[in-house]
Structure formats: C-alpha cells, structure tokens
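Below you will find the structure I want to go over with you.
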Amino acid sequence: MSRATQTALVRDDRTVYEAVAGTAVGLSGVAFAVGLAALLGVIAIDDPVAGFALSVVFGAVLLALGAAVVGFGVASRFGYVDAAPQPSAGIVAAAAFTGIWFAVGATVSGAVGLGTGGRLGVGTVLGGIAFATTALSREDIGATVPGGAVAGLCGLFLVTGVVGPGWERALAGYNATLFGDTVVPVVVLFASLVTGWSAAKAYGGFGARGRNVGAYVLIYLVVCSILTVLVGLVAFVTVNGLTGLFNGFGVGGAGLVSWPFLTNGAGLLADIPGVFPALVGTVWLVIGAVLFAVPTGVGAAVFLSEYAEQGRFTGAVEVATNGLWSTPSIVFGLFGAAFLIPRFGNQKSLIAGMFTLGFMLLPLVLITSREAILAVPDEYRDASAALGVSKWQTIRSVVLPAAIPGVTTGVILGVGRIAGETAPILLTMGGGVLPARSAAPDVLGGFQLSASPPFVSNPALLEATSALPYQLYALITAGLSGNIQNPQEYAWGLALTLLLVVLVFYAIGIATRYYFRQKLHQ
Amino acid sequence: MSQTDTAETSTNRTDGQQVSTTAGETAEETRPVWTSYEAGGETKLAVRDIDVHYGDDHALKGVSMDIPEQSVTALIGPSGCGKSTFLRCLNRMNDRIRAASVDGAVELDGEDIYQDGVDLVELRKRVGMVFQSPNPFPKSIRENVSYGPRKHGDIETGLLARLTGRAEPQREETLVEQSLERAALWEEVNDRLDDNALGLSGGQQQRLCIARCLAVDPEVILMDEPASALDPIATSKIEDLIKDLAQDYTVVVVTHSMQQAARVSDQTAVFLTGGELVEYDDTEKIFENPESQRVEDYISGKFG
Amino acid sequence: MSQTDTAETSTNRTDGQQVSTTAGETAEETRPVWTSYEAGGETKLAVRDIDVHYGDDHALKGVSMDIPEQSVTALIGPSGCGKSTFLRCLNRMNDRIRAASVDGAVELDGEDIYQDGVDLVELRKRVGMVFQSPNPFPKSIRENVSYGPRKHGDIETGLLARLTGRAEPQREETLVEQSLERAALWEEVNDRLDDNALGLSGGQQQRLCIARCLAVDPEVILMDEPASALDPIATSKIEDLIKDLAQDYTVVVVTHSMQQAARVSDQTAVFLTGGELVEYDDTEKIFENPESQRVEDYISGKFG
Amino acid sequence: SGTSDNSGGGGDGGDGGDGGSGNEDSSNTIDSGSSGPTTVTAEGSSTVYPISNKGSSYWNSNSPASDGEYWGSNDETSVPGWDQIETDQNIADYFGSLYGFEPTGERSNPPFATRVALSHSGTGCEAVRDGLVDIGNSSGPITAELDISEEERDENYVDHVVGRDGQPVFVSQAIYDAGVEQLTGEQIRGIYQGEITNWSEVGGPDQEIYVVGRAEGSGTDTSFRLNMLGDADAPMDVDTRFGQNQQVQQVLQDNDNAIGYMALAFSGSGIQAIAIDFEGTVFRPDPDAENTIFDSEYPLNRDLHMYTRINEETPEGTDMREAAFLNMFLTDFGQQVFVEDVNYITLPTSDIEAEREKLPDQV
Amino acid sequence: MSLTTRKNDWRASIERRLTRTREFVDDTDPEALVVVLASMGSLLASFVGFLLASPWTAVPLGAFLIVTGYGWARHQALVARAVTFAMTTVTLVTLGLIVVFIFAESIPAFQYEAASVFGVSVPGLGMFTQARWDAVSEPVRYSLLPMIHGTVMVTAIATLVAAPLGVAAALFIAEIAPPQVRELVKPGIEILAGIPSIVYGFIGFTVINPWASGAFALNGGSTYLFVGMVVGLMALPTVVSVAEDALTSVPDVMKNGSLALGATDWQSMTSITLPAAFSGVSAAVLLGVGRAIGETMAATVMLAGIPRISEPLVNVFYGYETLTSLIARGYGSANGVHESALFAAGVVLFVTVLCLSIGSQYIEARMRRRLGGVE
C-alpha cells in the first residue's frame, strides 16, 4: 500500500505533444466528414484539390495521420513526453487490430493473386503480428503503431493511385463490383476513425485518461452521425416535398388561405391534385383507434395498478401487453384481415383499419398509463385514504388527474406511431391510389338507423378508405396515372405531409412532456 | 396514576450516565410497571395487545396503552422501532400495506375498530392523519381543504349541484376559512386560495395538510413526524399548533426529536428497537426520571 | 489556539439552557472568533472562503477552515445546513451535480484543487470518500476491494496480463487482505471473498466500502454519515474503525448524531441552517462550552 | 388533340378554370343516405383502374354540356365523339337518362354516384362474386381468376370488355441504345425462364439481364405466363417481382440492364418498348407500323373486363345503373377519353357493338 | 405426495376465493351487484355475438351501454371496477384472438406442407426442410426457408447497426451528455422513431436502391445490405430508449462510488454501469431485434420479392424477400393455400417476436431483482 508514484495533481499546461495530438484528432474528424461527403456523392473523389485528385489528397492526409500516430506512440515510449501508459492496450484493442490486419492481409494478398490458402496465411501472419504488437507491448506502442500502420498503408494505396478514381474490382461470386468511388471514401472513413481514436488516446496521455478520451471521441462521432442522419432525412424529404406541398398555396381569397394540396382530392378534375381524402382518412383512423384504445388502455392501467393484486392474472396481462407491444405490425394486419374484415362486411373498411390500429395502440397506451399511474406518489393515495375518502373517489379525483400528464404524453406519442403505420391498413383498409375528394369518408353524416339488425350502420365506416401512409405505398407500387402532372413532386409532397403529420404528433407529445415537467417543477 | 412520581432519584439530572445506571437497574428488574399507567382524562383510544407483522418480521410486540382525550401523546424511539407502524394501527392505515397483518384490538370510544364490518371510510373520518412530509394534492389551496368534505358529500360543488341549487359556495368558504384559521394558515394564504398548493413553502404545506385534516372534523389526529421535513421556524409553528389542537382534539404525535416530545406532549410513550413499548408515562416523568435503564440510555443519547 | 479553553463557565453542564444563555450571548457579539482556531498538527486541507450555489440557492456561505492531518474532524449541524455539500467540495464530487457551482479555494497539501488543469482522477485517488448508505459494486468482495487499484493499473488481472505474466495474483491477494483487515472486515469475510458483495449485511457493506477506499491508499478519507443506515452494533464498529484510521489518514466525517461526533472526533465544525460554519473547535470545547449561543442551543437540543 | 388531355383536367384545366369547374367534384352531397339509386361500386385490377376511375370521375363531376373541357363543346376544343351525342344535358344526366334516370342538372350531383376501388383482379372478381361491389374490374378472365369453368362464368357473370391492354415489353434505354430493339417470342421466353441470362446472347452488350416480373399470382403475371410462356402455370425465373406498374417502370429506369412488361400507360423516359417477333410477325411499338402492339393479334394484348353479376334481382346481369355507367365507356367519346387517353387500346367498332348488345335496352 | 399437497393448496385457494366472493356478495348492495352482473353479461354476449359475426350484436351492446350508464350514475365505484376489469382482459383476449385466428388461417398451408418423419406426418414441416417456394408452377411448394434466410440477413445487419450505435447513444444520453445537449439529443432520437417506415421505404426505393445498383454494379438495386441498414436505423430508437432507461436505473451511488475511487468516467461506465445494466441493455437489443424482424414496409418496397436463398449464403448484395415483405406483397393477389401460406409466415413471425419479447421481459425482471439486491 505504498504510494508508488505520486503523480502531479495538476497536469501541466498544454504541451506541444497534446497540441499536435489534438490537431491529429481534429484532422481525422475533418477527413471523416469529407469522406462521408464523398461517399454520399456530394463531392467526387477525382475532384481536384490544390492540383491533385481528392483521392490523392486523402491518401496524403492518411499517410500524415498514420505517421503522426506512430510518432505519438514512439515519443511516449522513449519517454519524450509525460504520459501514463498502461502495460498493454488491452484485449479489446488487440482483438480489433488482429481482425483488421487479418482482413488487410487477406485482401491485399488476394489482390496480388494469391489463392485462398495463401490469403489465409498472409492474413494470419499479419493478424498475429498486430496482436503481438497491440497486446504484448506497452500501451503507447500497442494503441498507435498498428493503427498508424493501417492508416499509412491505406494512405499509400491512395497516394500512389493503386486505389483511386476508376479503380474497380469484381467480387467473384458476389455478383457485385467495387468501384473507387465508393471504396475510397469507405477506406477514408475507416482509417480516419482509427487514427482519430489513436490520436485521442495519445492526447489523453494513454492510460485510463487516454482511454476515456478515445472512447469519448468515438461516442461523440456516433451520436453526431446519428443526428446527421436524422437531420439529413428530414431535410431531404422536406426539400423534395416542399414544392409539391405548397403547389398552388396562396393566402387570401375566399378562405383565409388556400392550400390545394391539403384540400383537394386527386380526382381527375382537380386542377391541383391533393391528398385531402387520405388526410381525412388518417384523421378518422386516428380518431377511431384513440376512441377504442385510450379508454380501454387507461381503464386497464387503473385496474392493474389500483385494484388488481399482484398475481398470475396481472403477470399474464403484463406478458400479453408487452407481447402485443412488440408484435410486428404486419401481424396485426393479418389479424385484422382474418378477424375483423369478415365481421365488418367482408371487405376492407375504415372501421377494420380503426380497430386494427386500435389494437396496436392499446399496449402503448396501457404501458404508458400504467407507468404514469404508478408514478403518482403513494402519499396522495394515503392522504386521501386518511381523509376517509373511498378508493374509487381517490382514483377519480387524485390519481387520474395526477397521472394525466403521463397518459397524455404517452397517447400522443403512440398516436404518432400508429398514424404512420402502413402494413396493417394495407391489409385491412385499402383505398384508392388517387382518391377524388368525394372519396373522403363522411363518417359523421354516414350514420343510418334501420329497423333490421344491426340497426345502426354507417357506410362511410364500411368502405375501403385511403390514408396517407397507404397512399404513399400505393404511389410507390401502383403509381400515378391520369391527371398528375408531376408525379415525383406529388409523391414527395405526400411523403412530406405524412412526415409532418407524424412529427407534429411527436412534437406535441414531447412539448407536452416538457410543459408538464416545467409545471411540476415550478 | 399510582406509578407517577414514584422515582426516588433526584429530578434534576446532573450527569445522565451515572444517574441512569442506578435508577435503571432497579427498573429493569421489575419491568412493566408503566403498563398500568393511567393518563388523566377520559380514554379516547384504548390499544389492547396489538401485534403487527410485516411478513415474517414482527414489528410491534404486544403493545397496550390508553390514549386520553384532549391531550397530546408523543411516541418516541429510535428509527425502525415501530412508531409509525403503531400510529398506522390507530386508523387502520396498515390495511393499505399488503405485507402487514395486525392482531389485537384498538377501541375508539369503546368500540373495537378491528372487528368485522368496520367502515374504514367512517373510521378515518373520525381518526385523521398528518404525514411526515407534507403531501398536499396538486390542486388549489381551497380544493385541498374542501377535498374531504366534498368527497363525503358534505359540500356539493359539481355542475349538477349548482344547477339544482344544492351547491353551497358560502358553506364551503366558511369551512375553508375556519379550517385554515385553526391551522394558523389563514393569514398567510387568504389572498391566494386558488393558487396551487404546491407553491407553498414546506411549513405552509404541512399546515395546509393539517387544515385539510381538520376540515373533515375528526376526533383524533395522528401525526407522523409532522415537522421532520421543516426548518426550525416552521417547526415551532407546528409545535404551537399541536399544543393548541389538544384543546379540542385527541392528538397522537410521532417524533424523532426528544426535545420536541418534551415541548409539546402531555404523555410520552417510548418504543425501543424490536417493536416494544418500553415505557409510557407523563412526559415530565419520562424525561426527568424514567423507570427503565434503556429509556434512560436512549434519552441521554447513549444510542440512536 | 487562543480561543480554546477560554470559557469561564463550568465544564460540567448542569442545565444546558441556563449555561448557554450567558456563554452564548458574549460569544454572539464577538462573532467569528473561531475562524482563527488552529487545530494541532500539520494542515492537510485548507478551505478558503468556499461558497457553493445550487442554482440560485446559496448552500454554503464563505466557509474557511483548516483540517489537520491524521485526525478526525467531525461536521455536525441540522439537516440541510450544507454538511454534505461541504464534504463534497473537498474531493470535487460537487462537479457531478450539474446545478452546483463552487467558488473559493481548497488546498490539499498547499495545492489548490480548484485551479485549472487539476486532474480529478488524481485528486480523488488522494481524497477518498465513503458514502452515507453503503454502495458496494454488484461484484465479488474481492473485486470490490481491488477495483480501484485495478482501474489505476496498479494491479493487473486481465487475460492478457496473465498471458504475459504481468498479473500478480499474489499482490492482489495481499492488498485485498490488508485493506479488509484495516477495515476490520477480514475475519468475517475471508472465507467468501468471491461471494457477491450485495449479500453482506449493511454494516459489513459499509466496512467493505471503507476497505475499497483504503485499497486505493488515499491520504484523506471523507465520510458522509457513514453509520446512519446501520444498527447500533455495526455503528460502534465503524466508530472504532474511524478512530483507528486517524492514525494514518486524515478523516473528515459528517454525522447527524452529536453523540457520535463527540465519541470519534478530535475537532468538530458546527454548521447551522443557511450554510454557515458557525463554530469550529476542539470537540471537547464544542460540546462542553461552545462560544456561540446558537451552537449551544443546537447542541442542547433546543432545535433540530 | 385528345392525347394532350392525358393528364386530365389538371393539365389544361388549371388555369382555364371557368367558374370553379377546376375545383373538382367538391360534392359530398353524393349519396349520403338519400333514397335515390345507390352508388355504383367497382373494385379490382390496377390495370383497369385508370379507365374506370377516370370514367367515374367524369361521371361524378356531372359537368354541364357548356363545360367544353370535360363534356360538351366550346369554341376552342371539341370533345371527341361529340357529334354522336350533341346534347345540352350534363354528362351523367345524359348517360343516366338513356337508362331512365332523372337528370339533376347540377354540377357534381349525378343521378347516382360511382366509386372505384383499387386492388387486384382476383380481389375484384371475388368482390363481385360475393356481391360486395357492382362491378368487378379484372385484367384477366374471371375463369382464371376464380378458377371456374366457362359455363359457370356464363351462368353467373356478364363480361363487359371496355378496352384492351397491350402489355409491351420494355427494356432499359441503355440496352435499347446498344441495339436490342427487337426480340423474338422465343428469346423472351428464354429470358423469363432463366435460359438466357446475358444480353450478349440476344445481340446486346455483355451484361447480365435484370429480369423484372410481376407479383406471383397476380392477373398480369398469370396472363403473361399464359400468353408468353404458353401456360398459366409455366415456371418462371426472374430477378425481381413487383406488384404494380409504377415500381416496374421505376426499376427499368434505374437500371441499365433490365427487361420488363407493364401497361402501356406507364411508358416514359429512360425505357423503351421493343418490337417482338412472333413466329415471323413483327409487332412494333410504332402505331404506324404494319403490325403493332396495339393490334388485337398481339399475343400480349388482353381484354380489360368489368364483370357484373347475374343474380335473382338482375337476371340479365346488368341493372340500369350499371348499364348507364358502362354504356358511357362503350361510346366513341368514352373509348377516346377513358381508354385511349390513358394509353390503353380502344376496341374496334364491331367489338363496341357486341359489347353494347350485352347491356339492357335503353329507354 | 407432493401431488396431494398441491391439490390441497389448490382446493384451499379455491375455498379462500369462494369465501372472499361470498363475503363480497354479502357486503355489497344487491342492486349494485345485479347491475354489474347485467353489465358484464351483456358485454360478454356482445363479444360472443361479434365473434359469431351475428347482426344481432348491436342488441347486447346497446344493453351494455344502457345498463352501465345507469350503473355509473348509481353505483359508480363498483361499476368502474368491473368495467376496468373488463378492459384489462382486452389485452389478453386480443392476444388470444391473434393466436387463434392467425393459426386457424394457416392450417391449410401447414397441412399442404406436411412432411413425414419416421412415418409420422408432421404438418408444416415441409416449410422448413426444403427450399422451394413457388405458388404457381408445378410442383407448387411453400417453403419459408428463403424468407427466413432473408429475415435473418436483414435482422443481422440491422442489429449490427442498431446495437452498437444504440448502446453508444444510450450511454451518451444517460451518462455523458451535458444537460442541454441531452435535452436536444433525446427528443431527436425519439423523433427518429416517429419517421414512418413507408417514408424510409420511399427514400430507400427511389434513392438508395438506384444508388446501390450503380455504385456496386448490381443486377438490380435490392440488397439485404441497405435494407438491413435502413431497418437498423428504424430499430435504433427502440434500442436507445430501452437501454437508456436501463442505464439511468443504475443507482447513481454506484457510479459515484467508482468515481470517488479515482476511476475515470469511461472506466465507471464500462466496469460499473454497463455490467449493472447489462440485462436491461441486452433486453433493449432483443427488443430492437424484434423490431427489425417485424419491420415491413421498407423491406417490401426495397426488396426484389423473389423467394430465393442468396449464394453464397451471406451475400449481402442480394435482397430477395423477408417474411414480412412476403405477406405485404402477396396478400391480396394470393388465394387458397397460397394465402394460407402467408398466414403461416405470420405465425412464424409472431411466435419468434413473442419469444423475443418474453425473453427480454425475463431478462429485465432478473435485472430488477438483481438491482433490488435479492440475487
């Protein structure tokens, strides 16, 4: 228990070493981003940069990064810098580098024409060397040299043009060919990840701190990528869909705004085709599902959390609820087709869609309501009981009001999810590809009483009806004919409308949550 | 009354440790002398040999005591000794804990509250409770106070009632005012009765809970460490209130502060770890000259 | 040292209330006499005018004190007065509370731990901490103890280390044994080092947490109410351990029990509501004859 | 002039909207529980859908004769086949009155409404069999769709052929440009049965053939197997199957080595219809050629059916509502606007006459 | 012996229940009891009516509404309890109905594809022992193997995307992100969950497939690789939110304990938080896998729709068919045994995902017990 090394409490101000390592991390990040842009085709790998093709510049950067990373390791190993490396880079890094070098060996030797045996041999040798380097030497060498070498090798291929624009290679037996256009960016992405991680470790001075920095760099990169994808997706749909959505949009006139895309059908006679019937269909669909699932789900949640004694019954309900939550939507569709359709006039109908989506919404509502009710502090129940108030009164006047924020949020998010579902209504609700305005269901006006059973009927509920997600699917497959002048524009406009409808639900749901949370905290 | 003031040792404590050794040893041999202690006044609640189990855990062991009307009875003891459990026996709030089972009898005005057919709702109207941490409902102050009477149908406020003219807003006003007055809160909140009760300070919230309890017009008020979550100023307000309430109500209060027990109560029951009632006597007697060595140790801060 | 033992009233308390009134009033006028108190021994931690805010809430107000090496310093005070906050300042665990902001300086062996570039990992290796409720990791007893050294690379146990012969199982054994011995736990657990630590009793878990802390070989050990969740027997074991640890380490312990502070500490700091350090002095002095009226009141149980 | 109307009212009607005519059938007054004739409903094949749906839209619009765009004449354009009609009634009023329905005289309020749903041929046939709809749209014969005998068909259904679909075979533009402008029926069979897998085998570039088929068991699939491969159950070996036309068109555009077949209506840029040599006769996609894919002799042509059901109430199989609606398609006007304009093949006059024979007498 | 005791237990519990019921009946206002019985009876009758597709269902349903409405006004507490109980059974009933109806519809296909083992004919076995699916030309066979292969491919790729990224993002949100960033990232990822799958499918079909076709010189653009990646993106939010819940449910004191020993944040995460939350995180991955298996629309519009097994087996540059896309694509144009075979695919899907769900629930329950200190 001796205080072996009393390291300084305060780390010195930024050293040159740290500055260089930091720069290497940054450069790797830039390389990663540019590589991503090249992969997505924003830029081409033969675009000239300062007189060289981009792929050559990539190569030079990777070479430099590789060299720098190796340099960090060596500098630390020979004690030129203040670092705290551990005796080994660890089993995870060792396994990763072994795999990488095995792959490098097998690929490159395959490219020079070795057979399977030879490739395995070369791969194994290189993998073994990588393993030995990573696992058996000190962390500063183990975490840098294999990585730097990979990056350097990649850089070398790119700089020399061995791999570059115009390069191609057929994958025998895979019916696919790799081209420089995709391989170069992928190689850059991969190599910059490796150098970024190694340089981050060097920046942190290896050891526990270095690992911390290295891992954080990777995680930040992951999260940024996810967010980029998210923003990219939404932006992509928005950019493509705006023209369609706002086709003929105007302010003023008879109504305050005229928004033909949302208020017109796609009948032949519409001057600007719109998605009104599908929009109305979606609205009714959601209303129907909510009317069925919300009371049922909340009621069940009340029973489960307030009345039922924990036992086999509640256990079974819980398993069933979670099971339903994860049941694939297409299975709900099959169920609706097999169970509901024969009971609602034997054809695809709005009401069959409503119930199918209602069944899907039910577990979502039940789970969130139950959580919300369980989150109501027991103190409220005790306080109410101690005032001599009966159980049901307590539930009604204390528990449910206090649970409303959670229930509301859950319901809105659940509705957002089912509003975008296609598979179940594909099998149960159908509807036209380009329904005219008159195809919009008129549910309220459709009720009819009759003297014979079933006494009440509503043709609007019993007809196949279109909804936004289904219409989008139908457009993709069956396509446009007739009067749509610019089919792509219409389809993207529809996709954007659907996205907006769903995202609005989500935004409201999330905002509700914030609102109630703020209110609780004030 | 026979056991009161029988202690032969000096009533002036000079050095707790020494005194207790002598006094305690004798007391320990002739143990439950105190069980026959009879407080002054009519007995409101008579606890008869109550045992409480939580599953296999024996939390209260054969406790009996008489709680007199219109006085403050304090329950003290180290953490986990069963004070709260005992308190919850008095209005059957233990029924709400699944694991708990209660044996024995508690008589409220001579009627056993554990016999079959007891209406819990009725019982809890008569035996009110205030909890350790203030727990107002997330409603307006007014609604908090009138919650009990409304639910019991004493006050009607609904749309129907208003339509049929049964609503008595004036009566509600009066009740709310009286209860808040009684809980010494009216002054502070009369201009914002419609504000959310969660906006009040801790001490105010606790007094609101007391007002809420008073609005139901109970006979007994049980309080479980009502001031433990409060700052000293709020605490002293609550303590004043407790003393005040004893004029009309029977108050039973659990506290973890011996000083508080000494300040507010008429008689004190000391529970010790294991769920035993070790001593029950006039508060003065308990703090000056307890019978039992263990109580002496506990009060002098030897443990706990 | 000037303020120690200057009280003119008798060291034998006969009636707290009366004594404090006289002693307190004088002290209250000439207030922060104690700030110049210098405990014996080298100063290990020098706290300089620390202010802590939680958002708008001013939780600690300009606290300064010197904590001497190889002794036990107790922090007492009513709930919410900032004891835990103060303790967390000493190893910068407050950094983990998002709302908290700390101003001022704390010097560990003369080096300010709040200056830029301080390596928190290094700091916390030197200033260990034991929490209020025992929090062993859900791993085996052995792994709990060797966790710190492993993470710091002092002990290697992984597959690779074993392959390359760098693993030193013997060293780990020794370290685990020593630490557990030191925490007075070895006897009880030496035959089940590979059992899950969550299977231990509360008191054993807390001692395991102390052992875990000792294995890192810190210089200072901070303890936040280390015995509050424990029964009396476990508590007394922990108290013995604390006194014992002071031979090698600097121990700072927060406690809610004045008796505990009196029993284990060399010097005591009293915080009162509002986040002020009201008095800091030798423990004996604080309990027998405090300078401040408020401390007197607090100690004699007038509130809290 | 008619073909420019391909994109319907949206194309030229957008700006020329006179008095809200462009603001399509904004009626929700149609058949909301009133006691008049009930809506004529149709369901089924996506191939027949464009025809019946366009007809339905025109019907529901009930445009007045002065409209000049959808109905009637004005100075600028002339509705095809108008000379045979020459009425001043609204469109649905006119066709309805031929079968005795009261004209309403209101735009967007036809004597009865029509509604067309889209699914598959089989579904349409089942729906009409089960009495769920009045008209079952099918691109394949109902005998194949429902697996019934011809006697059964004749007993229970009336087959109204309203147009003809020429399923041209398309290839990607690149293949066409590389010289594959014509294939023999045998070659196509080879391609679709996996015997020919490279374009070089049929005179194209050295590229794999990407063979696009249609959803297994769909009407299009069945008729292709029957007409091209010789048997409705003939085995097929394709690279991808899509249910409906749009997806086929899209992948033919997106890939440069694809072959597929789909409704003529979906031809567009990036794909080319090729000529097919059937036992010496070359059918060309060019309407001016000697033999064209629009000819009824073209093996991939198929009739587009709208089936009605024979039952106790309508022993003739077609009641007055259905007749009024179907009759609209069997005029020069209907053939031109609803069939040719959506890129299908119109029926020869003799066939139109035969089809009209199946309808009840006009009043 | 144990049998008799169990029998006694059983009898005792029935007796207990009977006494309790009797007490309850004795204690309750008889009118209330009648009302509740009538209400529940009519509800049951309407359910049975609906099951039998009877046009008279409206009658008991109306009766239920009237009786319950009356009961609500007069005996609210009891009626509420009964009605909420009925609502609770809905989930069980739904699950039961799904099982019954999907299985019932799939029976013809299972019978058609019966194969015999040791002379015993096992229905449905043929679906898993040969690889041919052809619903049209002879011999007509309905093997599910090609679709199972496709589902496995897509799910595997999706998991490779969703699991590491999801866990990393969950770690970020739960442990690393500063509060302001978290408040941004968390809803962002939730919104990702909201993007309808058909929108992914639309982008996949119109943008990704053509791109992939060109970028890899594929024969057609359908690939398991990109379908898997898209599906992984869709499963990601499920993994993130469940894993994040698991991570945040690890008591902070444990992490503080590690930090106070001078461990770095990363060390505390990998050595304390992640192992402690391991069950929850694996449950999250399982649920993500379930989502990926059940994802329909993107697969349907992006895949080629050919029931064929790719060669070599792991060739990600082919994209043929999954169980879900088989159903979505085929339903409608299929009939007879062909349609029944689609239900059989549904059965396989349903059973698989249900097993995953139950598995993840079991794991989570274990975690809760462990954190509760029982194990």
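By written order: A, B, C, D and E. Residues from 1 in each chain.
Criterion: a contact is a pair of C-beta atoms (placed from the backbone, for glycine too) under 8 Å apart; a residue touches a chain by one contact, two chains touch by 3 or more.
Because the structure is predicted, anything quoted here is derived from the model rather than measured.
**Q** Ranked by contacting C-beta pairs, which pair of chains comes out on top?
**A** So the chains sharing the most C-beta contacts are A-E.
**Q** Among all other chains, pick the one whose mean CA position is farthest from the mean CA position of chain C.
**A** D
**Q** Determine, using the mean of C-alpha atoms as each chain's centre, which chain is farthest from chain B.
**A** D
**Q** Taking the mean of the C-alpha atoms as each chain's centre, how many Å separate chain B from chain E?
**A** That gives a centre separation of 51 Å.
**Q** Could you work out how far the Cα centre of chain A sits from that of chain B, in whole Å?
**A** Distance between chain centres: 55 Å.
**Q** Starting from the mean Cα coordinates of chain D and chain E, work out the distance between those two points in Å.
**A** Taking the average C-alpha coordinate of chain D and of chain E, the gap between them is 41 Å.
**Q** Between chain B and chain C, what is the gap in Å from one C-alpha centre to the other?
**A** The answer is 36 Å.
**Q** Would you please write down the residue numbers of chain A that are in contact with two or more other chains?
**A** Only 175, 208-209, 390, 393, 476-477 qualify.
**Q** Touching at least two other chains at once: which residues of chain E meet that condition?
**A** In chain E, 205-206, 219, 263-264, 267, 301, 332 touch at least two other chains.
**Q** List, in ascending order, every residue of chain C touching at least 2 other chains.
**A** Answer for chain C, listing residues that touch two or more other chains: 121-123, 126, 151-152.
**Q** For this structure, enumerate the chain pairs that meet the touch criterion.
**A** According to the stated criterion, the contacting chain pairs are A-B, A-C, A-D, A-E, B-C, C-E, D-E.
**Q** Sort out for me which residues of chain A touch chain E in the complex.
**A** 41, 168, 170-171, 173-179, 181-182, 208-209, 211-212, 215-216, 218-220, 222-223, 225-227, 229-230, 233-234, 236-237, 295-297, 299-300, 302-304, 307-308, 316-335, 337-339, 342-343, 359, 362-363, 366, 390-393, 395-396, 413, 416-417, 419-423, 426-427, 452-456, 469, 472-473, 476-477, 491, 495, 498-499, 502-503, 505-507, 510
**Q** Which chain B residues qualify as touching chain A in the complex?
**A** On the chain B side, the touching residues are 91, 93, 96, 98, 120-126, 128-129, 131, 133, 135-139, 147-148, 151-152, 199, 209, 212-213, 216.
**Q** Going by the contact rule set out above, which residues of chain E touch chain C in the complex?
**A** Where chain E meets chain C, its residues are 178-179, 251, 253-254, 256-264, 267, 271-272, 275-276, 370-371, 373, 375.
**Q** Please give the residue numbers of chain C that touch chain B in the complex, ascending.
**A** Per the touch definition, chain C meets chain B at residues 12, 14-15, 78, 80, 231-232, 257-259, 273, 301-304.
**Q** Touching residues of chain D toward chain E in the complex: what are they?
**A** Contacts found on chain D: 119-123, 126, 208, 210, 215-219, 221-222, 225, 232-236, 238-243, 247, 250-251, 254-255, 257-258.
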